[in-house]
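What follows is a set of structures to go through.
In the two assemblies presented below, subunit A is common to both, partnered first by subunit B and then by subunit C.
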Partner chain A sequence: MTAIVTTDLAKRYAEVNALDGVTLALEEHRIHGLLGRNGAGKTTLMKLLTGQVFASSGSMEVLGGDPVENVDVLSQTAFIQESQKYPDTFRPIDVLRIAAGAYPKWDQAYADRLVERFQLPTKRLIKKLSRGQLSGIGIVVGLASRAPLTFFDEPYLGLDAVARRMFYDELLHDFAEHPRTVVLSTHHIDEVANLLEHVVILDQGKVLLDADTDELHDAALTVSGRADDVDAFLAGREPLEHTRLGSLATATLAARDGDERAAREAGLDISPVSLQALFVHLTTANASATDPATPVATA
Partner chain B sequence: MRIRNVIQLHTVNRMQAFGWPLLIMLVSLAIVLVIGGLVINVATSQGAESLTEARQGMNTGMMFNGAIFALLGPLIGFGFTAMGQYFPLALGLGLTRREFATGTVLVFVFNAAFYAVIVTVGKVIEVATGGYGLGVRFFDVVYTGVGEWWQTLIQTFILILGVALVGAAITTAFHRWGQPFLWVFWIALAVVVVGILAGALLSEGFRGLVVDVAAMGWVPWMVVAAGIGAIGGAIWLALVRRAQAR
Partner chain C sequence: MLDDSKPLFVAVAEQIEDGILDGSYPEDAAVPSTNELAAFLRINPATAGKGLGLLVDAGVLIKRRGIGMFVAPGARAALRERRKLAFEDQFIAPLLREAAALGISPAELANMITKEVAR
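Presenting the complex of A and B:
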């Protein structure tokens, strides 16, 4: 069953098309990665799907219904956003108390454990918390709510590497025990690559890639070796990236059947492309496609 | 409808919702009492006639004592903070606009009733004790009504509820249209005020009308105040249905 379906979804502001014809279908009980550069439209998409802003055109269905002003949908949806504003006079404990009442599947014991694990000072005024501690509030709410559909928008801004690792561990562990649909937006792509089962890349408000991560492992490869050999291998093909350094060169390209064997026969080294590298290649290539002044290949 | 969650959103911090306004009110009342005590002390040393004059003078002059705004001030800001600070969090926690508006109106009404009762009880005590034996006024002032106790109850209720609704409407409009709305709002208000002043200065007939309006009875004034609150409430409810998270 699909948790989220959008068709030609668009959100236009006065000076920018934040989302432009987004068509997606995200299956339930999976962890989906929503990736994109700053301003790509990730937060706007999540705000639309949680009824926080209104679509300019197109349609969307979340957990079987239109999310806008829909209590049945929104009571099963948690949206943790890095830009969440809290009242000046609130303490973390106030937010957690309200969240406990707002989410039907809230687990207070789990919330208490998370508060301890992330060392969240629950009785300190929120305006006096650090950026990382603010993120901690969102993480506790997002995980302990056990909402059937949970959106995490850059949930660990300001957290150190250890705390981010703890978040990944908690997310995976709790997801295994309580399967639900998670949409995770992040810039730490390599850190979450192993968590994601499906990836959507947005760029300039449009879907650039929509694929399972299993497919992506074989989607591209990087070849390196003598520049002449690399050039010969690339003959007639458009690489995602092509870098030349003296007599050596490296190129990343969309993989075809037989590429690995052909590259080995040409004496080239082959390495897989990480999700982050693929993301960089795709978004850079897309930028150069829309802006002729930006070259893809660097020499 | 998850109205209870919205009410909890506004009242979860009890100190902020009730504690601080009441504490600030008590401190302000204490200052008025100290000032009254000092005046009476000085007047007592100057003889019985001076003491009577001091009591009467304070009782008359303090009809316009604005110390009660130490309590009403934070309550006036309640409408602004409801939309400026609680609305984004309500949407963030998956509450609908309809739930937020319904719960917030209930909180506004409860707050207005709660503090109207506090002010009325204070007024009854103040009147019964002759201004706490000093002739001072804190609750029994023109802003909350100097008539019967039930008039203070109604007037304070309408005042608090009205400003909360108008404040929420202004904040929602600001969120929707930004700074241009504020410019238009303040300029329009300034034009109205300057227009009335100019009319009163330049036209005798208009001046008479202004005096008549100012002197109209308590009931018409309450109708006007309730009308302004109702218009503010209607505008707010219309705007909040299409308000978006920022």
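Presenting the complex of A and C:
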């Protein structure tokens, strides 16, 4: 089954198209990565899908229904936001109590374990907590809610590398035991690449890439060697990036069948392109394509 | 820990194969479950499952419903044969290429190998 379907979804603010023609189908029981630079439209998309803002045009179906003011859908959806605001008098314990009532599948024992693991002070006023502790509350709510559809929007601002890894381990472990649909938006692409089964990259409000991570491994390759050999290999193709140092050159390009063999026969070194590198290449190439002032290749 | 020059699920399968070849997983012994592998390698369970599936399709692992996956009888010998076939491509060819680039003759190379073996 598909958890999320959007068709030509758009959100326009006075001057900007925050989202423009977004058509997606996200399958259930998967961990999806929603990647993009700041302002690419990730948060807007998640707000639309959780009924927090209204679409300008297009349509969407979340867990089989329209999310807008739909209790059936929203009670099965958890949205952990980067900048979640709480009332001044709230303590973490109040947030957890409300979450326990709001989510039908809430697991209190699991929440207690997570609170301990992330060392959260549950009785201190929330406004006195550090940024990392605030993120910790979001993570506890997002995981212990066991919501069939869970959005994490940059869930770990202020968390150090150890706590982030704890989050990844908990997410993987709990996801394996209680399969559900997770949409994870983050800038820490290298850290989450292996956790994701499917990736959507948004750029300037549009879908730049929508693919399973397995396929992405073969989507691009980097070749390097003597500049003449690299030029001959490229032979009129448009690389995502092309740099030259003296008589040596490196080029990254969208892969075609037979590229690896051809590159090897030309005596070039081949290296894989990580998700993070692919993301940087694609969004950079896209920015230069719409801005003629920036050259595509840095020769 | 995993070879990043290959798709992740292929690297997962090869890691299990390595374990079978070096005797970590003897024939008829159980290999880790999808979820155990996913947690240990910190990868998506679907990817881990796909890696194990590859080995089931190749007859290296046998699935016993409700119990788990086990190393198939004869898997070790079969894997060794398959790896031998790939050995030339993966190791000999690049070795010769690098030797040629450095001006090392085949005779010199053979000499170096013999010396290294004796050490």
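Throughout what follows, the second predicted complex is superposed on the first by the 299 of 299 C-alpha atoms of A that agree within 3 Å, B and C clash if a C-alpha of one lies under 4 Å from a C-alpha of the other, contacts with A are read in each partner's own complex, and residues count from 1 in each chain.
As a working rule, contacts are C-beta pairs under 8 Å (C-beta built on N, C-alpha and C of every residue); 3 or more make two chains touch, one makes a residue touch a chain.
Remember, predicted model here, so these are calculated numbers, not experimental data.
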Give one word, clash or fit, describing how subunit B and subunit C relate on subunit A after superposing.
fit
Quick check for you: in the superposed arrangement, does A:P272 touch first (subunit B), second (subunit C), both or neither?
second
On the A-aligned overlay, A:R97 touches which partner chain: subunit B = first, subunit C = second, or both, or neither?
first
Of the partners subunit B and subunit C, which touch A:R244 in the superposed model: first, second, both, neither?
neither
Quick note, subunit A centre (C-alpha) to subunit B and to subunit C: the enclosed angle in degrees to the nearest 10 is 150
Looking at the overlay, does A:D214 come into contact with subunit B only (first), subunit C only (second), both, or neither?
second
First (subunit B), second (subunit C), both or neither: which does A:R12 touch?
neither
Which partner, subunit B or subunit C, is in contact with more residues of subunit A?
B
Looking at the overlay, what does A:Q52 touch: subunit B (first), subunit C (second), both, or neither?
first
Check the residue A:K105 against both partner chains and state whether it touches subunit B (first), subunit C (second), both, or neither.
neither
After lining up the shared chain so the two structures overlap, which partner does A:R226 touch, if you call subunit B first and subunit C second: first, second, both or neither?
neither
I'd like to know which partner A:N194 touches here: subunit B for first, subunit C for second, both or neither.
second
Just to confirm the value: shortest Cα separation between subunit B and subunit C in the superposed three-chain model, in whole Å.
27
Starting from the residues of subunit A touching subunit B, keep only those that also touch subunit C in the other complex, and list them.
none
Across the complex, what residues on subunit B touch subunit A?
1-2, 4-5, 8-9, 12-13, 16, 81, 85-86, 88-89, 91-99, 242, 244-245
Write out the stretch or stretches of subunit C touching subunit A in their complex.
4-9, 34-35, 38-39, 41-47, 50, 97
Quick check on the complex: what are the subunit A residues that touch subunit B?
47, 50-54, 69-71, 74-75, 77-79, 81, 84-91, 94-95, 97-99, 101-103, 141, 147
Flag every residue of subunit A that touches subunit C in the complex, lowest number first.
30-31, 168-169, 172-173, 175-177, 194-197, 213-214, 217-218, 267, 271-272, 274
